[in-house]
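Both of the next two complexes hold subunit A, though its partner changes from subunit B to subunit C.
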Partner chain A sequence: MRAEPSSTQARSRFPRLGTAGAVLLSVAALLPLIGVLVRGASAVVSVLRGDLDVVWTTLWLVLAGTALSVILGGGLAVLTWLARLPRWTDALLAAGYLVPPFIGAAAWLAALGPGNVLAGRTLVPMYSATGILLAWTTHYAPLAYLLLRATLNAQGDQPILAARIHGLSLSRSLWRVALPLAARGLGATVTLVALSLLGNYGVPAVLGFPAKIYTLATLAYARLLNPALSDPLAAASGVAWLLVLLAVPAFFRSSGDTGEVSGASFPLPVSPALSRVAWSSVWTWTMLAVALPLLALLLLAFQPPYASGFTLANFQTLFEVDSARRGLINSVGLAVGTSLVCALLGLALARAGQGSRLARRAVQLLNLPYLLPGTLLALGMILTLGRTALYATPLFLMLAYLLRFVAPGLENAQAALTPALSQLEFAAQVHGVSPWQRLWRIVLPLLRPQLVASFLVVYPLVLSEVTLSALLYAPGSETAGVNVLNLLSEGNLRSAAAMAVLLLVLGLPTLLVPRGQRA
Partner chain B sequence: MKNLALLPVFLGLFSALPAGAQALNGTVTLYTSEVLPDVQVQIDGFRKLNPNVDVKVFRSGTGEVTAKLNAELAAGNVQADLLWVADPTYFESLSKKNLFEALNVRGVRVPSSALYGDGTYGEVRKLYNVIGVNTKVVSALPAGFADLKKPAFKNKLAMPSPLFSGGALATAGTLSRTYGWTYFQALATNGLKIEQSNPITTTKLINGEYGAAILVDYSLRREAAKGAPLAVVYPREGAILVSTPIAVLKSSPNKAAAQAFVRYLYSGEGQANFSKLSYLPVVPGAPRPAGVPASIFTLPSADAYIAQNKADISARFSALFNLK
Partner chain C sequence: MREVSRDALQLMAVHKRFGPKTVLKHLDLRVGAGEIVAILGPSGGGKTTLLRLVAGLLLPDGGQIIIGGQDATRLPPERRRLGYVFQDYALWPHLSARQHLELVMQGQAAGGAGTVAEVNALLSSVGLLEQAQNRPGQLSGGQRQRVALARALAVRPELVLLDEPYSALDPVLRETLRGDVAALLRAEGRAALHVTHDPDEALSVADRLVVLSGGELVDEGVPERIYQHPRNLASARALGRLNEFQLTSEHGRVSLGELHWPSPVKQSGLTLAFRWEETRPVQGEEPGFTVRLETLFSSRGQRMGRYRLESGEPLLAPLFGALQPGDSTKLTINRPLLF
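== the complex of A and B ==
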């Protein structure tokens, strides 16, 4: 994917500056992570001794959630692919991924939990492992769908067509040919989903805390905010160690290169039965996993307490609270600011990576804060900057967000820096155009779509961030996501629903992301 | 210039005025376990009188607030000017470490019984643990805590976890000291369930998952006023006072404004706000909230006992109800 570092010597001071920046940034990202591991080393044994049950709970929840997400998402991907459903069904199936997981959890509470809008009485015990798996699956099965669908699309029709021509039945050609060919993509999908679940804080925070079900991500939070501990930061860092240990096996899996897209294809005949099954699966998923919870959330947000009808009072009470208003303003400001910086920084780093191997290595390290559970980075930020004046300001959060989300911005930029662009730049250089002019006149205009895509990929991630924010926020740097969590823990479900609806509306620009660009 | 000559006179005049008359400004940060909409009412009232003071709030459960403050104390980077949570033992320890300012309550009428720790922290309003009953689930109201052992309440009982909620710790400590652990053993046999927090327990009680629960009174009253099928029973044996004091931290860079906020809570207006929010005011003569008995009979305070035996109470309760 990366452009060849051709014509390196012709590249002047520009990349050297970029290399220095890349190295500096990756050091800034690694220091907090290493700090946490050092600080927590002494506490690992006591965590293993006292909280082994949480390790097992985390492990089985993550495995079950991954299995459910990959089987459901993968099943939908195979069905829609085989039945050649139109492209717009993609949007229906991906919609669940655009709802942040903790908002999904709140939506399921609104639909099925105590005091729900459908029946009033609890329909499914949502404060439970079942609830956590339900919320996880409705968010991460669409992710598995998107990733696996891309793998299958890349494989094209030819292998399965060849198998059919040689007399294999549809199911046998699927098992023997198409799925084995998709194995690498499947492995990458499993890895990514499992890592995401392991690091997910919002869902077990909303649905686990009240039932005293902890995962490692929420246990780290509970340890940090436990008044009885003499050194809460070390205890939380000990938990972070286990998060890293559980995440490590995932890094040994193959990376998710989906291979080259095959050329033209002969349309396979689609049996009417297959088509029916595929269509009904798509609609069942859309209705049950997307429409039902979101509709319930919407109803709850506009419902007066203990009565039916329509009211704006839930939004009104929300706006009367200073910290809720400030949270919304902070979140939007941070989302716009961080996405902008991530997009530009991603471009600068990708360009530096083109010119220098050192920079390329440094840039690779920036994936760590993105892939490792966010709890680790948050604890690291407290360790390194918790005593400075940055603490309790929105800048403190922004720095954390930047380190975490620069990776997805970078990925976009790397994909965009093609050899053709390098050649164009080289031509300009030969004609004596200065580096800044080349950037301004050639690179930025040509890369504008990618910059916009980078921006739109990072924007929703920051807007609804809770994993880092829950640990790092302080009076003055509240965020909207943390507000939702706090309102839920205060039992104020309606105002929480109102805030969640506002977040969903503010997140709508994500829909403008060109397909396939989503991180 | 003639005016300049008058300047020292003005300056002298200002310094002679009491602290409350100075125009306050800057930021005050409040660390609290109070629910946000309730705190906001008091902040709005305070800011009407002191428009140049910005009040910021960090709000979470008592345990989490104290942990955050502990971490900031350890790091020497304390953000809080004011502390207001439901853990009198924590206040006692910080007061003994000399981390609190003496409260400046000049100009407001505060009964001496509401001030603790040589006047370094004080009660601004009262709330009690009582029995909340869902009248759709349970037909006959219990008269007191002893009735909860009866078969009529079998598998219909709940209370929040003392490990999480300062209020529930008061319940566990007071009832176990007064009636011995046999009381909670009997409730365990009768199917008492332990939920995490007061709000979660209240929600489930309202939705009919439980028939009766030991909860703080103000939120029960408020939800009942909104139409929830709830009855509030002040137990025959006595209600349990949940102490939620407030204090000004010595490290505060804006003590004058922090003290003014405390004085506002004790003022006629602040106390009336509490009453409107269904809390009981501490200043005599302040209006009482609707639906509250004329006098509330309480069990003797177990705060000192709880402070000494916190770990033991938590451990025995956890063992009895299989908490982690």
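== the complex of A and C ==
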């Protein structure tokens, strides 16, 4: 039997260093979270008594948003999968997910809200639960689509094909074979969408605050900034406790393992009727959920105040304001820096995880700051580092971003560290190549595409981050996302639209991410 | 649907193109009720396309497909009453063996849901009654294959399509199963279209062989006839390794050493083909051709030799007597095939 080189063999000199680094980083990530839970424990009961309505509002909004996103995104995934639409339609359907949620909310305001560019009068009451659900659904249905489409693609054609050949109708094949096989992916999709909605701050901040509709994410923010409270940090931590309680069930969902499915197959012929329905659904979604709000946002950004026509004045005004300029520079700088560190750190941690069980466990814990609502991490950062010189500096924000977004970089690196790569590294090792040379000459060149992909995955997330930024920024360390929120809360819709357009343009590099690697 | 014939399958001038390439050329083929027909042929010969057309996974560009006497040319797969045993089984990983059968029996409009007794009988016939509650992941390769067959039979099909069904199994299990499956198909009275590129498999299970090459039916008949008297070189090649020599026609005949055969006047040459088991040493003054033994090897317990003719061409034949590499001997051919 051929001896398989193990990754442990290939990296035997550095396991302790890697493990120590992984453990240290996971402790750094967990400390703030634990800090919030400790600080907020005493405030939970009072929050429950005083803000039970917010808990219910959050719960039903999250449930409704998840249901709408999964039904619409999942429906589109099943339809396009059955109709075998070309892969480029993924780009149309996923486009909504590339628009940050708070910018999506601003775009819907521009399209349907008060003073919109299309009709001039309110078409849909956007400052409402309906508005929040609309913005959430158009952002997170594409996420559900991407996840479920990937699950269905992985299932291959054979299961449904075998069902059809043995006499089952299309609907029965779908119901009894394809969907049960996709149950695991469906469960993961529901969990991820629900957690994302629970932790989302931007949309309820833009569309909820003006109507005094709070979710737990925005309530924590409101409590922290409430000067009337004796201990606002404890009150906000109490709210964060509830966020964790609502998030916990998601972590205990059953994996529902259905075993191995063969992907090798050939497709069934697609009926013209199914094809027509699938194409119309794709174009209807693209026009209504993506093109309409984005077009409205663009029109608003280039529209002169109190007049029709075209102007660059909204952008000029923006650049005349110090905080706006600073915000853009900070956001781009933080996005580039954090993405770079996340890509490299992710690779180092993934390699450490291959070499030691302890490191593997530590690395798994780093998913928590990414999956749990960002409010929790932000409050924890204030609690643990709020009294240090780091507080209120861009570096403080970068540390928070790093802890939150190292997980996608890590996931990318873990996928890239294949047995084949270990074998190539092992081949260098047995031929006497030094560890640093192996890293520099073998591993890094081979992993360059994955490192670039990691960078491009993290970059837009940081560029448009608002949940951490809104709680952690200080004068001098503003970000572009926070500026958009501030401009919207001031009622300066045109400048907010201009800033949002700039953010979208700066986020375009994410389109270069190889297919299937977008977080 | 129009009633045409009671054969299990009838293809009439079925034609299929992929872009500029024609993969099936006006193919006529029939599978009688209860008959097992094996389709043999080289890769790219059209076997897989034929199976997909019959299953309804592809639509023909021309011709007609009749299944169980009904025109199924444009019918969707689920309305063709077919059983299909896939190369890698295509079992549903979330369902037990029993649930596989129940699900497809429920899907049958005519028969309705299979009773427990019917399901048990089918499971019993494939020897899986004790593993009925197991999912595919809990079954061995051979057991999975049996579930796939039971599922195909559960449809009460007009025709069972078998797509190289034993290729994922080890050789011993393959030989055992192919005998069992053929016996079960015959016991159930089911017709089958069995695609394979393994001549042994085709010869051992089929009532009739069909050889496809270049999208055309080049030969068909009972296995023994095709093996011993193939109509053409493609058919001969489909049934196993051949020794082949291009012979030039001189004075109306072609020759190999002292062996001569008449050649059609208009042809400049012929291909002489024969299987290794059709060679033997000459006896007495019998005419033959001289070969030199180069190397020895074993195949399925038979000592074999790689020989070379005086003209330098290689030849495969059994090892005769106590020949050693480098020795020469004279051989003759029992049943030469000339094309």
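Everything that follows uses one rule, which is that the second predicted complex is superposed on the first by the 497 of 519 C-alpha atoms of A that agree within 3 Å, B and C clash if a C-alpha of one lies under 4 Å from a C-alpha of the other, contacts with A are read in each partner's own complex, and residues count from 1 in each chain.
Methods note: a contact is a pair of C-beta atoms (placed from the backbone, for glycine too) under 8 Å apart; a residue touches a chain by one contact, two chains touch by 3 or more.
Predicted model, so just to flag it, every value in this text is computed and none were measured.
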{"item": "Simultaneous placement of subunit C and subunit B on subunit A, clash or fit", "value": "fit"}
{"item": "Partner with the higher number of touched subunit A residues, subunit C or subunit B", "value": "B"}
{"item": "Which superposed partner A:P305 touches (first subunit B, second subunit C, both, neither)", "value": "first"}
{"item": "Which of subunit B and subunit C A:G115 touches, first, second, both or neither", "value": "first"}
{"item": "Subunit B versus subunit C as contact partner of A:R176, first or second or both or neither", "value": "second"}
{"item": "Partner chain in contact with A:T130 - subunit B first, subunit C second, else both or neither", "value": "neither"}
{"item": "Minimum C-alpha separation between subunit B and subunit C after superposing on chain A, in Å", "value": "51"}
{"item": "Complex interface listing, subunit B residues touching subunit A", "value": "29-31, 35-37, 40, 43-44, 55-61, 63-64, 66-68, 70-71, 75-77, 79, 90, 161, 195-200, 202-204, 206-209, 223, 226-228, 323-324"}
{"item": "Interface residues, subunit C side, partner subunit A - complex", "value": "52, 55-59, 76-84, 86, 88-94, 103-104, 107-109, 135-137, 151-152, 154-155"}
{"item": "Residues of subunit A that touch subunit C when the two form their complex", "value": "158-159, 161-170, 172-173, 176-177, 180-181, 183, 258-262, 264-269"}
{"item": "Complex contacts: residues of subunit A adjacent to subunit B", "value": "53, 114-115, 120-122, 127, 209-212, 224-227, 229, 232-233, 305-307, 317, 320-324, 382, 386-388, 391-392, 474-476, 486-487, 489-493"}
